[in-house]
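Structure, as structure tokens:
Chain naming follows the written order as A, B, C, D and E, and within any one chain the residues start at number 1.
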Amino acid sequence: MPVLAAYFAALQRDLLLVMRRKTEVLTALFFFVIVTTLLPLGIGPEPDLLRKIAPGAMWIAALLATLLGLQRLFAADHADGTLEQIVLSPEPLCVLVAGKITAHWLVCGLPLVLLAPVIGLQFDLPADAIGILMLSLLIGTPLLSLLGAIGAALTLGARGSALLVSLLVMPLYIPTLIFGAGAVESYIAGLGASGHFSLLGALLILAAAFAPWATTAALRISLE
Amino acid sequence: MPVLAAYFAALQRDLLLVMRRKTEVLTALFFFVIVTTLLPLGIGPEPDLLRKIAPGAMWIAALLATLLGLQRLFAADHADGTLEQIVLSPEPLCVLVAGKITAHWLVCGLPLVLLAPVIGLQFDLPADAIGILMLSLLIGTPLLSLLGAIGAALTLGARGSALLVSLLVMPLYIPTLIFGAGAVESYIAGLGASGHFSLLGALLILAAAFAPWATTAALRISLE
Amino acid sequence: MLAASKLSCIRGTQTLFNDINLQLDAGQWLYLQGENGAGKTSLLRILAGLSLPTEGEVLWQNAPIAQQRSQYHQDLLYIGHHAGLKEDLTLTENLQALCRMDGLRISDAAIREALTRMGLAKRQHLPARVLSAGQKRRGLLARALLRPAKLWILDEPFNALDINAIADVQRLLKAHLASGGLLVLTSHQPPDLGIDAPGFILNLSVPR
Amino acid sequence: MLAASKLSCIRGTQTLFNDINLQLDAGQWLYLQGENGAGKTSLLRILAGLSLPTEGEVLWQNAPIAQQRSQYHQDLLYIGHHAGLKEDLTLTENLQALCRMDGLRISDAAIREALTRMGLAKRQHLPARVLSAGQKRRGLLARALLRPAKLWILDEPFNALDINAIADVQRLLKAHLASGGLLVLTSHQPPDLGIDAPGFILNLSVPR
Amino acid sequence: MINWFKYSAPSTFYPLAGKLIPVFWTLAALLGAIGLYISFFVAPTDAQQGEGYRIIFIHVPASWMSMFIYCIMAFWSLLGLTFNTRLSGMMTRALAPTGALFAFLSLWTGALWGKPMWGAWWVWDARLTSELILFFLYIGFMALQAAIDDPRRADRAGALLSLVGVVNVPIIYFSVKWWNTLHQGASVSLTKSPSMATTMLWGMLTMALAFWAYTIAVALMRARTIMLEREGNTEWVQHLPDVKEAA
């Protein structure tokens, strides 16, 4: 399948770029760790309080970590002129964009999912709540990458300031945050999380179908 | 005083640049607003809980907002070659750097101080606590800009990923966070905040004396 | 093959050009001349489909390019002002990635050969970041050896190149034309495209 | 005035040059020649104090430049490969900001005149972002008219310039030399610096 | 008087390090064996904590080392920035991973110990938190070094960072301490741990010495590798017996 080949070509290129700067793989992760570490330092070390806000705070931290990586998603390629070449590729731009988004998730999203249990332990969350948290992040972080890509593409022409991206993307992130953090909290409250999960899943499917397409459109607009 | 003239020249240039993209003035601010808005969405709307964590959370939000602007502090000038010209200026680099740091604070720090009361009211903080919060931010945010500049300069050659700056700078921010958020919390707890303030002030003086100098050294290293 | 009808381009309050009509066939070249700021780059980007003209349209094989993007991009090689290389990747990796995203499978040997022809044999495994201005440019031009494309659109290809490299690139251009390719280029150093290759010179003047 | 003793530069595993000694006096020029990747830019950056040589040192008026940075920078004008303009500012603002950070007070009229001389009168209030490649370069070279500096170090100043602009810049260079200035430059288009101005050509060769 | 500058030249340091490495490995193995023997067989079972407390023999020396190594890195950095010696950058770089390793070990063993003792893997105690931050400082240092390609620049940037860091470490330590005590009384305090028996102290000291020897051996090995990488084309490397054989 030539289309698949193009998808993997874009994916592989971005992963290769990340591997070249080995630190980048780790930094999204450490940003997550550090934000969650700041939390007790800011609001105090009482275990009960911390346990209560942990799921929400971890979700917010994941969201910010993803956000930070986002603004590099296209801006770097734009600045060095390689984005022009990508746009001029005979393969469908949408597919290449999807490859890039996947790479972003693999680098900025997946590691957070894998690290979440450790942070959860630091906040003394029960084991089953940690499981739910991981699952919610596993469905939620791709969603964050997909939605964020639209914002990243839109702000390109505006010489993508990190802050502008955040501004555009945050409102889109709110439903994800509510359902993601909500899943864990309602599970802890004994209400079950399946409702939240099905909503998250629905959002993910929707986003996977439309976000690459919207991102492509946004890219074309930004590049004029 | 020629040295002062150079300081103001650097300051004015950076402010002019920000004014050109009017959004940038607002975005640090909006980031702050949005992070604090996400908080109730992530951890639930209980007023008591929110009031309790508000000072810490607002401090963390301020810290992250400052951080986001940081990585542009020198990276933008580096990418377009104007940093080379700044380094080659006959005026002491240290002074120009101080001007740039001041501009960063005026754009990313000061607006947060001014906005803090509004957010504080949203979290239902008492008026006097809000005053203390503002004061702590007023002393603390310049500290964040000064320390952050070192990290921003160090990561220059390293194709300054936003995340790497965070990684380097976050540990350095911890005392500021602790004393800043601590001031408000211990005031609310009826313990008085003067101890915290004097420590914050001491840190600020120390940083103001050494950070521009360390930043200059870091810049020279990064540019080799 | 390549045609443009009634192209005009307005930037800000300035009309860069107005009512430009073109018709370029196999084996022909178009050389854009003009002072700095005359609108050469703007025209090339419009021809490549990277930006839209204020009026008029660009046709490739008699159809508007916007309606056949994939086909047009297949036939097009555009090299602009930008270095266009990922600084962290080596030249080999850069070219490999570009070709694969274009849907081509190019062997390492082919890339090595192309780089060797551009005089970069010894530099193929260095990250693009450490290369000199001219080496980057040469590396990018090696794409022309790897990708079969009917239409080349080159924006100041000789910039930053030394005399040998310029001669190499000229040979390349001639060969492309001889094999029936189309060429649109601009440069402040007038290229020598061989006497027998038919072509046009289009002179743009700076808007006053 | 400008001297260099035993300069050598190693990049990665390659020795770009070794044991370069220079001595340049008032009114003299040094023209660096060499293929792409020979190390011209590297040498210029070392002379400007932007990077450190692996060995050797650069002297300005008989003292190492590292020991008198402020004085050296006062006397130096360096224009490199980079565009070196803030894209969001107009040319006037760009030049204004640069001069003020250099500790100079330049009137708007002086800047207007310099830009006019570089043929940018009509472009002075446009943000640099929208300017053409050559216009950016011209704008940057206008610094040479604004800042009195004894030593000019220029890295391919003719890049992206059209023929008229190249002639203008050549005249500028000659005037600079005639008034006792020093000039170090590299370019792939051999400059004409006037027959009576004494100077040297330094040929660097690519490390194999 | 010893000419220190002579020994800080890679060409003299390399063979010297080559001779020292086996010595330190042997020391590390010997001391480690003795230390482990003391901690498992000589030291008595603790009345309150049972056998689990024996983790202290790893935990405490590891914590010590993590702090020491950062100071040593700062010391080398200071040397490097003032005298511009190449060796100091290599040593700093060679030490960092070991420092991070010990910080991690301290965190890990502490966490393992915390679960039975406090019922939680982690509490936001002052000492724990500052150890965690120290770990971040190490990670930051290594990330910075990895992100800069030019080795000389990486060295100098790392040196500056570790100096800035070492100035901050006490500030961080005291602020964290103060932060914690202000909020809650010492619900868990490490200093209240049972007064140490002499054997325990000996056990910990021996283990600490073993860790020292290990650190030195590993750092020298890494420094030698870095040296070969960086100076591969210089004459003294070409004339090394190992290199000549390989060629």
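Criterion: a residue touches a chain if its C-beta (ideal position, glycine included) is under 8 Å from a C-beta of that chain, and two chains touch if they have at least 3 such contacts.
None of these values were measured; they are calculated from a predicted model.
Centroid distances from chain A, each centroid being the mean of CA atoms, peak for D. Of all the chains, the one whose CA centre sits at the greatest distance from that of chain E is C.
Computed from the mean C-alpha positions, the centre of chain A lies at a distance of 35 Å from the centre of chain E. Separating the CA-averaged centres of chain B and chain C is a span of 45 Å. If you average the CA atoms of chain D and of chain E, the two centres end up 48 Å from each other. For the pair chain C and chain E, the distance between mean C-alpha positions equals 55 Å.
Shown for chain A are the residues in touch with two or more other chains, namely 21, 23, 27, 30, 34, 37, 41, 44, 159. In chain E, the residues touching two or more other chains are 133, 136, 139, 143-144, 147, 176, 179, 183. Residue positions of chain D touching 2 or more other chains: 81, 87-88. Residue ranges on chain D touching chain C, taken from their complex, read 11-12, 34-41, 81, 119, 122-123, 126, 130-135, 137-138, 156, 159-166, 188-189, 208.
Only residues 48-52, 70-71, 73-74, 76, 78, 80-89, 93, 97-98, 100-103, 105, 127 of chain D touch chain B when the two sit together in their complex. Residues of chain A that touch chain C in their complex: 2, 5-6, 9-10, 12-13, 16-17, 20-21, 77, 80-82, 84-92, 96, 223-224. Residues 150, 154-155, 157-159, 161, 164, 167-168, 170-172, 174-175, 178-179, 182, 185-186, 191, 199, 203, 214, 217-218, 221-222, 224 of chain B are the ones that touch chain E when the two sit in their complex.
Residues of chain A touching chain E in their complex: 21-23, 26-27, 30, 33-34, 37, 40-41, 44-47, 50, 121-124.
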